[in-house]
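Structures are listed in the sections that come next.
Two complexes come next, and they have one chain in common, subunit A, joined by subunit B in the first and subunit C in the second.
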Partner chain A sequence: MSSILQYGQIWPYLPSLAAGAWLSLQIAFLAFCGGLLIGTAGAAALSFGGPVLRRIVRSYVTFFTNTPQLVQIYFLYFALPDAGILLSSYAAVLIGMTLNAGAYLTDIQRAGFESVRANEMEAAEVLGFSRLQQIQFVILPHVARVLFPSLSNQYILMTLGTSMAAVFGVEELTGRAFNINSQTFRSIEVFTVTAGFYIAITLVASVILGLIGRFAFRARMRII
Partner chain B sequence: MWDRVFSELPAFFGYYNMLFLTKAALATICLSAIGSVTGLISGFGLALVRLTRARWLAPARWLALLLTELFRRVPFLVTLMLVFFISQLSGLDLPLFVVALIAVFLIASAYLAEIIRSGLESVHKNQWDAATAMNFSLFETVRYVIVPQAWRVILPPAFGFFVLFIKDTALASQIGVIELTFAGKVLNNKGFPAALVFGTLLLIYFLISYPLTRFGTHLEARLAKTRHR
Partner chain C sequence: MLARTRSWLAIALGAMFALGSGNAEARTLDEIIKSGSIKVGVNPTLVPLGKFDEKNEIAGFDVDYATEIAKMLGVKLEVVQVGSPDRIPFVQSGKIDFVMGAMTRNPERAKVIDFTLPVHTEVFGILTTEAKPFKDWKELNTESVTLVQVRGTTPIKFITDNLPKAKITQLDNYPDVIRALAQGRGDAMLDVVDFVGEHMNKHKDVKWKVLAEKPVDVYFCGLGIAKTSTGLKDWLNVAIFELARRGKTDEMWLKWFGIPMLYPTGVGPAF
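Showing the complex of A and B:
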């Protein structure tokens, strides 16, 4: 019997990996939603805020987009306890990913806000739209269409980024792969199956996001 | 916390720690630079293969498509682990730096192939047709007509990708490559306060990445201005 590629031995662990994939999706989704909130506020601050606020938001974005997410989470996880803030590994990963996503999404959304032309806003003003109506009927439909492809791309990248949580012992997909690897020593089998899981969940996400983008926002994007 | 950080400051910024961190930073830069350049070359190959039309090359096209699509959907950490264990199992016993380099190369090939393909396709279809009408082969078309126009489109995002990978190679610390993040972990294990160590790491990464990001933005603005169809 050949000693390599014994996929049968990790067969019993598939449900465990699937549960890990579910946790990965959960982390990616939560961090993305949090990041979207920060990003929207940040992009709004960059477009409408005063000079001090703009400066603060810009420093935040520059700092977080120019340092590795892994080291940011290391800082949260290992340095904050010295200051009396003790985070669980799950919380540290989630907070780190959210802050990181917030910076990238601020950058992405700022580009979307800027793509709304002044003419459009003036036209809305002439038609007597209130500020809220301007946002609802002019800015949002336009911005959603322009932004949806980059946002869904970022979501896919973040789903892959959740594998970083394994470093801190969070039992998501890669974390479980590490555990199963140390139980069975079927390294290549475990990690190819894990890679397969990642390919599957990102493919499904791509298709769903592509369909939503095409039909809900008339965004130009490939379904696959 | 602060008094501890301040009391450790002189010891932390000693000569040997700085030497260690500088070497580690060089390893980080080499890892992403070599990986990106080799990835650029193989990505160009993959993009070219996908542009061929000959029927007998269909399997090669399928393979190129599969490689670019799959490796862009697997996290860097998982690719790294796969390369690591394959290297161990095959008995090659490659140095860890080479293992990380191969992982960067694989991911870079996939991402850069996609960037290059969209860059090549950004050249107007008429140019392709004109080259075909003048009986240029695919290679000649790309060499004399497409690349002179497409490189302006390709270079900025490719450079952005290189900067992105300076940050992503932090994960190579997980298999024990002595790069910046690993150096930080070593110093932290030696007893220096985590806030000091990881704060310094964040600063070093920032100092490497920020000028490159600025240069990338500059490059983009500069090249976009002279672009024409």
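Showing the complex of A and C:
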């Protein structure tokens, strides 16, 4: 135990870490998709909804963007059972992250909705675009182009945020790293390898998202 | 104390102190009485044996116990902070007259320091609830059992070696683990049960059950003394027996641990 950087001791645990990374990726992806749905509905409600609905959505966004995500999941995991609702570790983390993402994505998408100028819509109408064509050729490319960089940033942040799941007994990447660290006491090695895994999964996501953004939505995005 | 492996701070501090220790000799009983004070090592990371109170002073079962000892000896008590790796060197070098902090007696340690009679025990075993049918820890080796444990503690290794079929949910700290058990998120916990009494008491509606008759292991913790401290051990044994006989030990234990000692020390008049 005298020398440092004994990566050989960590080697046998790589498959376990990889499985953890896969779980992290899965949680982030599912929560992001759920959040995107909530966010789209929320942004639409803020842009087109009545005053009561707008107030409700705004309270939701304010609440979830101004409280720590850890506390939100803690509430779901440990406080809800007192009300008779027993969520599993995985469910609590997933629901908590989805609700949190929904709040942030509502805010992000609202900005996108607002970025479509009235005269652009008028121009489309003058050119004889149908409603569907307006959405397809004016609103969507516009929104996508404006929003795509912030959406992919949010996705990366959420991937990193999955490390919180370890606190609630989900054996994702960080949880497994803690376990291996407590067995081998090779802290530097374990956590550098873990950081490598996080970089890998976020980098892969960035590249894919960047390519989609650049070619599908013509967003000005740096691939790396 | 088996379960607390995460006291890296104590290890770092211990290394610092160990470097500074000189070649002083351990004191005899006579020298301690003449000096008018006794120096006792307490580990403040082993709550509730030792902890820092609101005034940032070390308090806990060990401090109360040492206070009683000092009173009986008629000297002043001087509490010295120790960590797990430095406590035995501290005793050998005479920086402290005896050490507390869950000093589990074992033949390896007894080669380098002397032990008194056990002051208390620690049960490494199963905490579960009345609703569960378990009688013996070996019954937990099935896939239908979920053990709730603190992440990164030593019992995890024991479970993967000896109860490989049981599922493990690992949470961040002891209050969370006890709450998860209380909420029915798992069947049992395998750890040193004495130390979670305080958390167990917070869930009053839960009927806790400790498999104390069939524990995985019991640790007998005595006071650690230098082999050269002439007369000290004999006097301490008399004092320990007196404190146990008068019920003082149990009283202090209940005060700090919130539950009675799970396994009796069996200290008798003959030693």
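Note that the second predicted complex is superposed on the first by the 207 of 224 C-alpha atoms of A that agree within 3 Å, B and C clash if a C-alpha of one lies under 4 Å from a C-alpha of the other, contacts with A are read in each partner's own complex, and residues count from 1 in each chain.
To be clear about the criterion, contacts are C-beta pairs under 8 Å (C-beta built on N, C-alpha and C of every residue); 3 or more make two chains touch, one makes a residue touch a chain.
Keep in mind that this is a model prediction, so the values were computed, not measured.
Student: Tell me the contact category for A:Gly175 with respect to subunit B and subunit C: first, second, both or neither.
Tutor: A:Gly175: touches subunit C, not subunit B.
Student: Check the contacts made with subunit A and report whether subunit B or subunit C touches more of its residues.
Tutor: Partner touching more subunit A residues in the overlay: B.
Student: I'd like to know which partner A:Phe78 touches here: subunit B for first, subunit C for second, both or neither.
Tutor: A:Phe78 contacts both subunit B and subunit C.
Student: Identify the partner contact of A:Phe191: answer first if only subunit B is touched, second if only subunit C is, both if each is, neither if none is.
Tutor: Touch partner of A:Phe191: subunit B, not subunit C.
Student: Once the shared chain is lined up, is A:Gln69 touching subunit B (first), subunit C (second), both, or neither of them?
Tutor: In the superposition, A:Gln69 touches subunit B alone.
Student: Touching A:Leu203 in the superposition: subunit B (first), subunit C (second), both, neither?
Tutor: First partner only.
Student: According to the stated criteria, A:Leu86 is in contact with first (subunit B), second (subunit C), both, or neither; which is it?
Tutor: A:Leu86: touches subunit C, not subunit B.
Student: According to the stated criteria, A:Ala166 is in contact with first (subunit B), second (subunit C), both, or neither; which is it?
Tutor: After superposing on A, A:Ala166 lies in contact with both subunit B and subunit C.
Student: Considering only the contact definition stated at the top, list the common interface residues of subunit A for subunit B and subunit C.
Tutor: In subunit A, positions 78, 81, 166-167 sit in both the subunit B and subunit C interfaces.
Student: Please give the residue numbers of subunit C that touch subunit A in the complex, ascending.
Tutor: Spelled out, the residues of subunit C in touch with subunit A are 5-6, 148, 151-153, 156-157, 169-172, 176, 179-180, 183-185.
Student: Spell out the part of subunit A that touches subunit B in their complex, as residue ranges.
Tutor: Residue positions touching the partner: 4, 62-63, 65-72, 74-75, 78-79, 81-84, 156, 160-164, 166-167, 174, 177, 187-188, 191-192, 194-195, 198-199, 202-203.
Student: Could you list, by residue number, the parts of subunit B that touch subunit A in their complex?
Tutor: These residues of subunit B touch subunit A: 1, 4, 70, 73-79, 81-82, 85-86, 88-89, 167-168, 170-171, 173-174, 181, 184, 188, 193-195, 198-199, 201-202, 205-206, 209-210, 213.
Student: What residues on subunit A touch subunit C, complex-wise?
Tutor: 78, 81, 86, 89, 166-169, 171, 175, 178-179, 181-183
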